[in-house]
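Labels A, B, C and D are assigned to the chains in the order they are written; within every chain, residues are numbered from 1.
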Amino acid sequence: MAIQTEEDQGTWTVRVSGEVDLYSSPEMRKAVVEEVPASADVLAVDLEQVAYMDSSGVATLVEGLRESSSQNRRFVLLRPSPPVRKVLELSRLDMVFDIEEGDE
Amino acid sequence: MAIQTEEDQGTWTVRVSGEVDLYSSPEMRKAVVEEVPASADVLAVDLEQVAYMDSSGVATLVEGLRESSSQNRRFVLLRPSPPVRKVLELSRLDMVFDIEEGDE
Amino acid sequence: MNPDVRLEVRADPKLLRAVRAFLRSYLESQGLGAEAAANVVLAVDEACANSIRHAYHFSTTGVVDLVILADDAGLEVQVADQGETADPTLLRRRELGAGEVQPPAPGGLGVQIMYRVFDEVSYAPGERGGNRVTMRLAWPGGAGAAPRGGA
Amino acid sequence: MNPDVRLEVRADPKLLRAVRAFLRSYLESQGLGAEAAANVVLAVDEACANSIRHAYHFSTTGVVDLVILADDAGLEVQVADQGETADPTLLRRRELGAGEVQPPAPGGLGVQIMYRVFDEVSYAPGERGGNRVTMRLAWPGGAGAAPRGGA
């Protein structure tokens, strides 16, 4: 798994790639829960390049969503890849997230 | 593993792709030893798309070479992929084969 | 059914990736389609992750023991550990009633994913403590319908 | 060394592909470079193929037993079978003298590949018949030099 972050006009984007599992999700947790700058109005997690995600990845996204709500920050999933869509669906959490398909 | 064959002006080309191992090499053997038309002057085994080859694949190529010699047919390996080059080298048989890199 | 594979892996999260790679390739050679295979890989990974987290509490001296069997009718995967035995009330299938909404809680997902992917899931405490989950899936399309034997 | 993995596979040539997929992913997670990993995968595959061909004569009820261990110094892979024990004279390292040319024979390649890829290869008859080959490789670059612990 690899993580890239980027700030643009109040939107903090976390780009995740590779396999998110029990081994790697703590690193994703840092990026989507712990290290988001207080100034960010929007937290966008770009999941287009995610080849695999397990329920520990989903749990981390739920944490990011909760933490963002409590900060009055919008939390959005960008272009989830087919494996991400699948695990969200199997977790019955696909309706809980704000999902964007467009080019940002 | 998948095999495609093609005839062009006396050259019989066998295009191999995927993984050649103990399970799949008998199928490659058919194509490079058993089913070569008597009319072929040249047998070209195209190995560009081979992702893996073990010693049973190498042994099959040696059989193809021997059989071709006995039929006065030229036997040539086309564009061996890096894994094929490696197993030929580790088998100390890289100098035994006629290898062509060009576009046919 | 004769087991095709038995895989004993040290309970280290870092090793799960290789287990998934094995399973993907195994299921492909059994002729299971890519999408169904991805679901099976996910569900088995969840079972292994649960042994690492809940049975062994991330102590990497534990061992996760997978057994994989297949015949013309379907696939069976067993995942066992010798760690702390689970509270059986936490291992039951839960489905949402009409109009119910899943509360977005960050836990309690893995076991339900296993139930949703496999046709049959049954938990049993291990013979000497620990847990064993047995998961069965009929090949899609009915008995022997999957093009098994493909390269 | 604590074993990371023990893999018991039915002696079916069709299962070798999944074993290679496992090993590739495992070696990558150990930080071994792709080229060195490809060589290790080949050599281990040769050992498994020999058990299937020569020890079990393609009887798919046999089991090939792999043990994989790693520490900061290197990697150890053991491949064992309980089939026909090999003639030890066929398992020796052979190197060509100067000016000698390898006769292009279609056999006798696998064991030599194992010697050329690993630093140490030793064969022993199994405790109850069969064969066990133990292969060791120091991580390239010296003790602990491989960036182990990578994702």
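In this section, contacts are C-beta pairs under 8 Å (C-beta built on N, C-alpha and C of every residue); 3 or more make two chains touch, one makes a residue touch a chain.
Just so you know, these numbers come straight off a predicted model, no measurement behind them.
Participant: Indicate the lowest number of steps between chain B and chain D, counting one step per move to a touching chain.
Facilitator: Steps on the shortest route: 1.
Participant: Where centres are the averaged C-alpha coordinates, which chain has the largest centre distance to chain D?
Facilitator: Checked the centroid distances; the maximum from chain D is A.
Participant: Averaging over Cα atoms per chain, report the distance between chain A and chain D in Å.
Facilitator: Taking the average C-alpha coordinate of chain A and of chain D, the gap between them is 41 Å.
Participant: Can you give the whole-Å distance between the Cα centres of chain A and chain B?
Facilitator: 48
Participant: Compute the distance, rounded to whole Å, between the mean C-alpha positions of chain A and chain C.
Facilitator: 25
Participant: Where does chain C touch two or more other chains at once, residue-wise?
Facilitator: 14, 17, 20
Participant: Considering chain B alone, which of its residues make contact with at least two other chains?
Facilitator: Correct list: 23.
Participant: Would you pull the chain A residues touching chain C in the complex into a rising list?
Facilitator: These residues of chain A touch chain C: 19, 21-23, 52, 54-56, 58-60, 62-63, 65-66, 83, 86-87, 90-93, 95-96.
Participant: For chain C, which residues count as touching chain A in their complex?
Facilitator: Its residues touching chain A are 13-14, 16-17, 20, 38-39, 41-42, 45-46, 49, 52-53, 96, 101-102, 104-107, 109-110, 112-113, 116-117.
Participant: Chain C touches which residues of chain D in the complex?
Facilitator: 2-10, 12, 14-15, 17-26, 29, 61, 149
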